[in-house]
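Note that chain A is present in both complexes that follow, paired respectively with chain B and with chain C.
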Partner chain A sequence: MAFKRKETVIEATDLNTIDAAETEKRIIAGVKKYATNEANWSSADANTPFLGHIIGMGIESSNLADITMSIERQFLTKKTTRVPVGANGEFRLEDGELGKLRILDGQDALAATPGLSVKMLMDFGHMASDPAYLERVVSFAYISVVGDGHKMNEALKKAVSRAEKLTGVEKDEAAANVKTLAAQALAYEALLADPAALAEARQKSYAADKAAHEALSSELTMAVDKLAGATTSNDAGRVAALRTEEAEIKTRLKMSAAKLRVSAEVAAQAGKRSAAEEAKVAQIRTLLSETIRLSGC
Partner chain B sequence: MLSAAETAQLRRQALWSRLLAYPTYALIIAMGRLRFGYTFKDLERFRAELWAKLDAHPGPVIWAANHLTMIDSFLVFWAVFPMSRAGQANRLPWSTPEYRNYYAVGSPLKAAAVRTLMYLCRCIPFLREGEDEASVRWREAAFEKCALILKEGGSVFVYPEAGRARNGWLDSRKPKDFLGRLALATPGAKFLCVYLRGEGQTFATVAPRRGEAFRMHAELVDGVLPGETTPRAVSERLFTVLAGLQERWFAGSVLSKNCAGNDVVDLGAERHRENFDLESGEADTDWLTRHLSAKELSYFSSQLKGSRFRTFWMYFAAKEAAHKAFTQAGIMTPHGAFRMIEVDLFRRKALHRPTGAQADISFTDADDDKVHCLAVLRGGSVGDADQPGDVLWRVEEVPSGENPGDFARRRLLDFIAESADDIPSAALLAISEDDGLPRVLRRGKLQDWGVSLSHSGRYAAYSFMVS
Partner chain C sequence: MRKRVVVTGLGVVAPNGVGLPAYRAALKAGKSGITWHEQLKKLNFACQIGGAPPIEEDDILKVLPQTDYHKLSEAMIYAALAAVECARDSGMAVDLLKGYQNTPVDWDTGAFIGCGVGGMDTIFEELGPVMAEAEEQEPGRGTAPMGTDIVPKVMGSSVSVAVGKFLGLGGQTTTNSSACNTGTEAIFEGYKHIQLGYAESMFVGGAEGSHYGVWSGFDAMRDVLCSKYNEMPGKGSQPMGAGACGFVPAGGAAVLRIESLESAQKRGAKIHCELVAAYCNSGGQRDGGTMTFPNPDGVARCIRRVLKDSGVSPSAISLINGHLTSTGADPREAGSWIKALELPLEKFPLIQSTKSMIGHTLGAAGALEAVAAIDQLSQGYVHPSINCETVHPEIQKIAGSIPHEMIQKRLDYVIKASFGFGDVNGCLLFKRWE
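Now for the complex of A and B:
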């Protein structure tokens, strides 16, 4: 017996009949059962992260795929015609009959919030682009940056609170920890103040991913070279093994390229700052400054 | 025994490589410096200290180094050997590269060029695979050639690990016997142990990235000590020396040495069951393919229907634990890209497919309610049924009303304090979240303890690693 989902049947809506705000509302409603932070979920907006407990909805990573599938179940699209890309059974979706929405592998890599999920649907042509809506959506790069800031702020607050309860040598050691955390927070606050410095920091991740991609390309070159050598030696078993190795490296190379695209986009996003992002950054900078002040460092 | 023809062939190669030692050396340096932009830190000091020891030992030397890339032999040679000494024929090491990796590659022209270079670089092709008579004979002949070279006072370069370390970590608990055998066959030989690694080298690759700066440590130690009568005894000591050099290398590095992760999954949580029909063992195919690779799906499907639910969550916990271990090493995985990490439940390995980095995994605390997995990329061992590993962990139920993340953090610090004699109280520790990664602070300093936190439904889990 094939698997059958136990849930209320949802009537899917054509994405071209609703606007971005309505789509966002439905996406938030669709993930309710996965959200473990009820308060953050009930006040969620376009820029509330799905993951994380401090400012996020508290969805666990084990339900990440469920977020994407919940979006797929709720909407219909005209991008339903499969156009083959390459020889490995991969395809892209082009206009066709109205049908089930399908989010392909890797397309949801940056969809960390309801707003970014709506942007994903726009980027892949499932709904019309709405520049006014997108103005309000904080990029993936800034969602990560702000999320890290909140984590850092919580860590400092907790350390300060622990240190306050101590006396003597214990207090001195705990104070040293607070001092380090405050220095980290201060450095992060300064980094947030400078979009260029932030972009440079993200460029380092991109450079590391690029180096890894190049390393894997060299691995493929080596496999191709070995295959050429084995072909001339007429060793059928060896040739078959090397063909398998070559195919595996090509698959890995595609994944590496997908990873590189994500880090390239994050690096590019970190260099720009919209009004919505500026507001989020200002908010976390204020929080950090206040906690640093309270720490007495 | 080597045949007369094999011995003559070896002597001919020795002659040609000696005659062309300077141009070959110049070619290697030019390629490394001009094409790849490689540099070495503190090279002059390193060579001066090392050669003071080598000059005091005129006898044979077995070079033994860690192995991360396909061009390590050139890099180690370049680091150790100044050009002024290229004329010292007995000091120029012979090496044993895998035949299939170097001798039958590319077009006939390319293959010929590579073979010529390998010939002049004193390479003795080696066949690591194959148990047929010809392969075994090939290996024996290579061993005999190495032994002959050493008996005549020469030098031989062998990788003790026998292959590139996919996790980027030399594991002293897995010694191989080849070097021990070689040392026992040539009692006067000493081991030149070298640990060389680029400052940004996080995993095994074909070649280090362009512009890489290398740092190295070396020791010259006795080949065989009194009382060592088996290859394993010699190799164990050699691996311990190399592991010590590795420790010294990481002590001077910005890279984290201890990279481990853990993950717990609450099997009772309703939201973990909605894609499964527990009675029939069926699962939503679309959902499965978003998490599992083709290989993993095949294994999943081969399981008895009653155990598929647990098998899936074992895969998931392993992927999450490995993801955390990889992240600590700077090897990132995009949001939700579960298929980028491929888990082999039988071999207990997790492969980061975009980079080829590989972590060891281990399942603990298994019962009907939960799955818990540990993963170690480097820094020590994840442990197995016979040997305990270097990771300490706990899985606990989260008290009602407590934030699971806060609970895991608090209990981790308690656990570390309980486990360490010199930390009287958890209050002396704090958790830093710099760069989004949890790390423990003590006396204001970040500790390289590979800490990891996890929570799922009713459970929280935490782990740390000290090696």
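Now for the complex of A and C:
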């Protein structure tokens, strides 16, 4: 018979009986199963991203659903009463009997680290807010900013290493690539040094995302109007085509809304910088500077 | 001109031994890996004995990282353990616990790792209970509580992608499935792949879990499994024996690294033996061939094709490692060997069944038995075929060719065949490496 796996029984805990630090500890232990970067996982703290093989726990993006599920299984909440919202079976959660935690669709969009997962639980009222704890949590905006820095640093390091091994024309091409990457890294390092410039760059991205989202919303309005007009006619083919178009725009709109939410958070937070964020930024700036120096550019 | 293909690595997870040294020792000693299982009794299985690799979670975690362990089904774990041993045996420095994600991709090597049933432990122990609990506690919650680990654990190619992931294989990496011929077919597929120049080396073999879910369907087929030796598990698997009453189900894995001779010599690899010919066919489920019985003509054709392709005379064959499962098909198989080899009975080669010790490991059988064949060839011994001291009346003609004790003997050619549900056949011919 199959070998016996040692089973871990998880006793769900009432989120109102433990503090933020304990919640964070349990979240980190719970996601161990999905993390592949053991070194990073074992030293993970509030600000270790779940994703990313370089700086995160190495959890594949498809496992984000598992992280949310793991969090749901570990905790109990009083937010259990479902209050219907709209006609599509959607609901919000209000206070009720102590029961299983349920994280609704989209609520986990910014929970990229254990600390941000704790923040999510606080934001949606599953546990009391703890400003002192949140002060130590790096915002989603800076997790994203620092992550981009690490990716850039890694790409430059790889390019330098590759160029060193080549000769002749190939070496010249690789050196040109190093030069381009080093210039990008230098510009990014400078951007990181200036919170205002960083905020401006992020706000530009947000403005573009917002405009795209609004255009899509208008498109949907038009499609709905056209559909209303068509349903009064007897043109079944046209109605079917318009329904397909409406469903397609709604799908795109949903994706766009998720992107916009992330973009808005990044834009709103990029200009501010807590001590924890300052430390993270300083760390990646040092790494970038060192790699740029090694590239000889 | 055809490329010469050699075997440069072996890895084993068998019911009577985990790792090649333990497997070899068990084969030489005629040690059975079949045991009685309380859970099968609780479930009221007619056959309550089976072969499961003697392995614990702690042993597995000495090879596989804990973070990966949870994402693997039983068959994937067996496949990965066998593949790691095989890779190391072939000269690769593999230490998964030190990290493997940054090791370079080997673009010239792929994997054909077969699986007969697969994933049943995940379906029975995770998928079913989770879905039942979700429906009971929150009707309408749908599939969300299932998580994202289920698909990689139950998909057909789960065993090969596990091997490919851990070893960083950049060649074609896939899973074949042809019932009990699976392991042998995987070796044939890898052999062809190298012959055609698509890869310089391939990890090939088969894996099967030993969860009762894998065995349950066979138990439901009544006389297919052995149900008369529940009190004497070690005696249950009796290929060619007079008391054979059905096969004993088992699980495990074996992986071989096969390689072009040029590649093996270029990297100075140790060579276990040469794979001189391989072939697979089907009896078409005609002329006596059915879902569960092979067409004897198909079997004979398969064996003859291997002999023809290799140019090896039947009289040069030292040992037959048969499919021989401990069922009513054994006499028919013996007849097919006699028919295909066309040798005077006094010159009939030795014939054995590794299943007498490990039971029938289904999708892993051909690979585990191929490893047994290769090890005997390279180490110069013949393992006993146990539990057939009284030979089946219809096999009496070749009774003198069945080894009941281990024999030290130089072997030149060992031929191995497998036959599977659906009337599919496979045959491999190995030559001693000088």
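Operating definition for what follows: the second predicted complex is superposed on the first by the 251 of 297 C-alpha atoms of A that agree within 3 Å, B and C clash if a C-alpha of one lies under 4 Å from a C-alpha of the other, contacts with A are read in each partner's own complex, and residues count from 1 in each chain.
The criterion applied here is as follows: contacts are C-beta pairs under 8 Å (C-beta built on N, C-alpha and C of every residue); 3 or more make two chains touch, one makes a residue touch a chain.
None of these values were measured; they are calculated from a predicted model.
Colleague: When the two structures are overlaid on chain A, which partner does A:38 contact: first (chain B), second (chain C), both, or neither?
Modeller: Touch status of A:38: second partner only.
Colleague: In this superposed model, does chain C or chain B come into contact with more residues of chain A?
Modeller: Counting contacted residues of chain A, the larger count belongs to B.
Colleague: Scan A:109 for contacts with chain B and chain C and give back first, second, both or neither.
Modeller: first
Colleague: Could you look at A:135 and tell me whether it touches chain B, chain C, both or neither (first, second, both, neither)?
Modeller: neither
Colleague: Contact-wise, after the overlay, does A:62 reach chain B, chain C, both or neither (first, second, both, neither)?
Modeller: both
Colleague: So, A:164: does it touch chain B (first), chain C (second), both, or neither?
Modeller: neither
Colleague: Regarding the shared-chain residue A:151, is it in contact with chain B (first), chain C (second), both, or neither?
Modeller: The first partner, chain B, only.
Colleague: Between chain B (first) and chain C (second), which does A:53 come into contact with in this model arrangement: first, second, both, or neither?
Modeller: both
Colleague: Regarding the shared-chain residue A:22, is it in contact with chain B (first), chain C (second), both, or neither?
Modeller: Neither partner.
Colleague: Which positions of chain A sit in both the chain B and the chain C interface?
Modeller: Touching chain B and chain C on chain A: residues 1-6, 33-34, 53, 62-63, 65-66, 69.
Colleague: Chain A touches which residues of chain C in the complex?
Modeller: The touching residues are 37, 39-40, 50, 52-53, 55-57, 60, 65-68, 70-71, 74, 99, 101, 121, 137-138, 144-145, 147-149, 209-212, 251.
Colleague: Quick check on the complex: what are the chain B residues that touch chain A?
Modeller: Interface residues on chain B, with respect to chain A: 70, 100-101, 103-108, 110-111, 200, 205-207, 209, 265, 271-272, 274-277, 280, 282-287, 290-291, 316, 320, 330-340, 353-356, 403-406, 409, 424-425, 427-436, 441-446, 455-456.
Colleague: Touching chain B in the complex: which residues of chain A?
Modeller: Interface residues on chain A, with respect to chain B: 1-7, 33-34, 53, 60-66, 68-69, 105-106, 108-112, 140, 144, 147-148, 151-152, 154-155, 158-159, 162, 165-166, 170, 173-174, 176-181, 184, 188, 205, 208-209, 211-216, 218-219, 221-222, 225-226, 228-230, 232-233, 238, 251-252, 255-256, 258-259, 262-263.
Colleague: Tell me, which parts of chain A touch chain C in their complex?
Modeller: Residue positions touching the partner: 1-6, 32-39, 41, 53, 58, 62-63, 65-66, 69, 100.
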